[in-house]
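Sharing a structure below in structure tokens format, with a few things to ask.
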Amino acid sequence: MWRRRGWRAFARHDDEGILDDQGTLHDDTNMLTGAIIAGVVFGLYYTLVGLGLNLVFGVMRIVNLAHGDFLMLGGIAAWFLFTSLGLHPLVSAGLVVVVFVLIGLPIYYLVVPRLLRSRDSEMLSLILFFGVSQMIEAVTTIGLGSTERSLPPRLLGVGPVILFGTRLPKAWIFSAIASAVAVLLVYLYLYRTRLGTLTRAVMVSRDEALATGIDVNFVSAVAFGISLALAGVAGVFAPFILGSITPNMGVAINITAFAVIVVGTLGNPLGTLLGGIIYGVSLMLMQTYLSSWANLLPNLLLIAVLLVRPEGIFGRKVRRA
Amino acid sequence: MKSKALALGLLCAVAAAGSANAQPAAPAAITIGTLYASSGPYASISMPVFDAFKLWVDQTNAAGGVEVKAFGKKIPIKLVAYDDQSSTATAATLYNQLITQDHVDLLVADSGSVLTSVGVPIAKEHKQFLFDVSGTGAAFFTKDNPYIALMSDPVSTIWPHYISDFLADQGVKEGVKTVAILYSTNDFTGTQAAALKGFFERDGKVKIVYYQGVPTTTSNYTVLINNIAALNPDAVLELGYVGNDIAFLRNLQDSGEKFRFVFSIYAGTEKEEIEKNVGISAMNGIYSYVPASDYEYKPDVGMDQKAFHAAWDKKYPPGSGVAFGANAIYGYMTGLVVQQTLATTKSLDQMAIHDAVFGLSGKLKTLDGTFELRDDGAQIGEVTPLGQLQPEGKDKLKLVAVYPPDLANGKAIIGK
Amino acid sequence: MPDTGAEARAKLVRRVILDTSIAAVVVIGMGVARGVYSNELMLFNFVMFLALAQGLNIIYGFTGYLPFGYVGFYGAGAYGFSLVVMHLHASALVGMAAAAVAALVLAVILLPLLRLSGAYFAIASMAAAQAVYEVVANPDLENITKGPYGVSLSDVFAPAFSYYIALAILAFTLLLVVWLRNSRFGMSLQAIRDDSVSAAMAGVSVVRGRTIAWLLSALVAGLVGGVFAWHISVFYPDTAFDLNISIFATVFLLFGGATTLCGPLLGVFILYGIYNVIGIAVPQYFEFTYGALIVLLVLFLPNGLVSLLTNRGIRVP
Amino acid sequence: MSPEPLLNVEGLVKRFGGFRALDGVSFHLNPGEVLGLVGPNGSGKTTCINVICGLYAADGGSVTYNGRSIVGEKSHRLVKSGINRTFQSPRPFLSLTVRENVEVAAHYGDPKPGFDIDALLALLELDSYAQRPAAELNSAQQKTLDLARAMATEPRLLLVDELAAGLNPAELSRMADRLRALADGGMALLVVEHLMGFIDKVTDRVVVMAAGKEFFGGTLADATRDPEVIRVFLGGGHHG
């Protein structure tokens, strides 16, 4: 089935018999495994992109629509640190984590507690963070102009890594590893630290956590900071995965990140891993067999999952009563 | 709010009336209206054009203004420019603003087809001639609309023909048999891809084994490159915007795949920008169009490429945000067309301007080559030779024109 | 003293007259403005956003659903109009009917989204609008939609006529809102928004109410999209599905205050006015100011400008 | 006992995942009768109301109202056919005025023509707040408004879910009188309540539930003497 569709786009040449059937079949198998392997690795990067967004949603029940813009800022930071100080992106990634956590705390206290007091904070958060996103984009454009910026590919090594017979860029492997480390660290934070335990308590019920005397605001502020740090780290790798960064890239990143976490399981940061991989693999399959329709995919995935299985994998009610 | 807008409108109307009365005795200034996008997806093609156009305006005013034949003297230029922020809705309003409120004498469109598109019907409706900088959309140029002319890019349907000519000629001689075409699904690159497909099919010498569109927002090409490699084509043509080309060239280098002939639009047309983002080694050997920013045409009018590049670097030092490239040439070149139009037009009447612009067709030679219009206003003069990025010294690349032979200043090296 | 019977009816009549007069003043004002002020497209954009903000008011103000992808209906309308005019060489008015149908068909297809709540609905509707855009703009459909290469409708280009049709759409939309504000049906929608379970227990069919509001809201956007296609006549899919259209309409609505007639009107006149006057003068700081305004609005005035009065117990039309 | 009860519930089952909130509960209710539904927290009383009024779909058993099965029927249809309820925590339409709250119900709930909203508000002593937003009412007034909303649809069967909680003794006694008066007018009432004093004052008969099943039916006086009932109430707290 997939084979036929794959050839639809240039069926006319197939008819002319340019490609013999044997060769075609062989190539198709390569394409399929290549797409799946690349999809898994690419999906790991998207796990990193969505992880922070999901953490914030899980803890605060708000959607940070400026997540993609913080990612962009992480990329800009890495670009700036490299061009002015010659810092290696992996070093920048460490710096970005620290700085972004510290930036996250005041932003949280300025905005979120007040937002959560409103009648429909989940909805209003969309609009509020859209405003934040606009401000970030504007400041970046004013400061740096709107052209593409990037880091030299050689920083993470040039040339392919061959994984199960599929050629992948070295940078993909680096960011997949970074992503895996981030998921692990978030897991350890949530399940092996005191603050993490309190964070999980807030995720279960903010009101009850408040009633038991947990400093809900502090717990949430830290989660918010971690979320920005995760976005920032994803941003450091963005030039290597997405080619370049521009001030207006945030919106597209947000839609994809949201699709990833919805598919994974909203409010469950670790479910993001599953969402990322599903997204990565299906995107690569789309690129292989129906390339011009590839952008339809995150949108359809998102709608389909919300309608058919809104609770994701581990379940949380999102429909109206 | 409304009253403020109204007051503004009245003010402008008064000003316009004033200038209309003064016209026989030459206006105090020639007003030129234009739009630019400082932010959003089109900023990267719009800002170089706008900056270059400003450069021309400043230079002209520094020399005492622009020569206007109708009044037999030099008149300073007043530039009215608004920021449409890449939004077509805003651009539409602003085109209207320039025509109906500011009563500009000459109207210059924003860059690219999307932001030009909304201006086309407005200009036609108000019988205002539109200097279309680089909006190549086929729908803009119709026989019944005399109020538009395309300044620089030739229309997308003829632009790429040297690619297929080269492959059918030297390519075939060296054993190139198959080609893969990967394009971004937008007006600009989509029409070029379709045109190329037509050329290859017409010539019947090189077979297309892969012809796929991807969304313009595509930012990773690893799997696409794997898929193309699996078909083992001799030549690969990737037609995309700047962001697509950056991602494609980086991924191509990372993948380690080698093709005998690889083409990308912006590797040449925005060489500096691409170089910053992908590095020299990923660009070595890549084919591209040779824009006027990398080819020295002998101009009859205005600065040549070297002088213009120097003037640009002086006004916009490298690293200030907007890179030198083909779009900068387009902006400056539009200024030169305006200059020659004013030097020949009988009056500032818009049909007279149309006549003057079309009168330049085939005669005007600038740093962008020969300016030549089809009778519907589409640009057909600007020749864009096929070029190849070849090493020059140790860590520099030079864009060498390799085809057609009469424009070539180097030899193409097709990979093994 | 509670008012009863005749007194209540008289009060209702007074309200309807006041609301209708406001609507009439706006429509006539925008009609007169065209004769006075020659930047017709700016006025046209005002009319468009007035209607879109009120169309969004129908679904958000009265039922609490905020579709981020509202522009999907606008785009469907624009393409509904264009397809009929391009392929069937139909007249512009037939095109407008097609615009309405296209938006309604899309709304029916998306009805299941109403099962989602809050942010999920908002995001899913945005994804839906993007999906429609991806389909319309796909080069594989070039023969039908012209794909990414854009639409040209110069045959039916009629800026003056289409301006007045846009005014008629605005009038229709304003009357819809007047009706919803003063009818039992509108009241039942607000009841659903406040508490859908309780509304069902008042005998209100929740599904039916939401569906009607959703279709009406989509119809308005579809008509506006259709008249946009007609008025502008050359456009790309990016233009017709520009997410900024949703966002502008949403911000205008929230800034003024949803559920009222005046709120969205104020939002458009003030914010879009600022956008056109100041936004042109200092554009680079404009996006920042806009963003900051949105943040402050959500934090300090989540119910919009009109809440300055309604919080003091003053009824705002 | 009348030959044809207005409401007949037989072996009603409702599951949430693996948990059986209702595990085959059965009872009946006649016009003009007030039936108390009592039991520890989590015994399934509110679930029972939610199923009868169409909020939840039953997983088994039958509900017969006025001689026909109403399982699977939509809430707003049931309201029009004469079933209504109040909520444990009141759910008025906060952005509407008090009068509009009742007006919506009176318009969509199909009461007899000429239904007098203002008379109802006066009866329930809400008339002086008629033009105020419901959000301004205190919680006792909101409960009364909830009752008014239900009464505006002129129900024949009213399901009352913990109306008494949070009321002061004077309000409690007035509320009890109102419910009795409704029953005397021929309405059937199903009253879920924890306050035994209130149950005693209002109901004719009680059904005691535990773990999703009824296990006692009769008068409250008999129930308080039943050793099984005592055991459940004293030892059955962990069910909740």
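As written, the chains take the letters A, B, C and D, and residue 1 is the first residue of each chain.
Everything that follows uses one rule, which is that contacts are C-beta pairs under 8 Å (C-beta built on N, C-alpha and C of every residue); 3 or more make two chains touch, one makes a residue touch a chain.
In this text, all values refer to a predicted model and were calculated from it rather than measured experimentally.
Chemist: Tell me which chains count as touching both chain B and chain D.
Modeler: C
Chemist: Using mean Cα positions as chain centres, tell me which chain lies farthest from chain D.
Modeler: The most remote chain is B.
Chemist: Between C-D and A-B, flag the pair that has more C-beta pairs in contact.
Modeler: The greater number of contacts lies at A-B.
Chemist: Taking each chain's centre as the mean position of its Cα atoms, how many Å separate chain C from chain D?
Modeler: Centre separation, chain C to chain D: 42 Å.
Chemist: Calculate how many whole Å lie between the centre of chain A and the centre of chain B, each centre taken as the average of the chain's C-alpha atoms.
Modeler: The computed centroid separation for chain A versus chain B comes out at 35 Å.
Chemist: Centroid of chain A to centroid of chain C, CA atoms only: how many Å?
Modeler: 32
Chemist: How big is the gap, in whole Å, between where the Cα atoms of chain A centre and where those of chain D centre?
Modeler: Each chain reduced to its C-alpha mean, chain A and chain D end up 49 Å apart.
Chemist: Could you say which residues in chain A touch two or more other chains, in rising order?
Modeler: 137-138, 141, 292, 295, 321
Chemist: Could you list which residues of chain D touch at least two other chains?
Modeler: Residues 55 of chain D each touch two or more of the other chains.
Chemist: Multi-chain contacts in chain B: which residues touch at least two other chains?
Modeler: Correct list: 38-39, 185, 213, 215.
Chemist: Okay, what are all the chain pairs that touch?
Modeler: Every touching chain pair, ordered by label, is A-B, A-C, B-C, C-D.
Chemist: Please name which positions on chain B make contact with chain C in the complex.
Modeler: So the residues of chain B in touch with chain C come to 1-2, 4-6, 8-9, 38-39, 82-83, 85, 87-90, 92-97, 100-101, 113-114, 117-118, 120-122, 125, 137-140, 142, 144-145, 185-187, 190-191, 213, 215-216.
Chemist: Can you list the chain A residues touching chain B in their complex?
Modeler: 9-10, 13, 16, 18-19, 27, 30-31, 34-35, 38-39, 42, 137-138, 141, 144-150, 152-154, 158-160, 166-172, 239-244, 246-248, 252, 284, 287-288, 291-292, 294-295
Chemist: Which bits of chain D are touching chain C when the two form their complex?
Modeler: Answer in residue numbers: 53-55, 74-76, 79-80, 84-85, 87, 91-96, 99-101, 103-105, 107-110, 118, 121, 127-128, 130-131, 146, 149-150, 152-153.
Chemist: Can you tell me which positions in chain C touch chain D when the two form their complex?
Modeler: So the residues of chain C in touch with chain D come to 2-4, 184, 187-188, 190-191, 193-195, 197-206, 259.
Chemist: Quick one: which bits of chain B touch chain A in the complex? Just the residue numbers, please.
Modeler: Touch residues, chain B against chain A: 38-41, 43-44, 47, 178, 185, 207-215, 217-220, 222-224, 226-227, 230-231, 242-244, 246-248, 250-251, 253-257, 273, 276-279, 281-282, 320-323.
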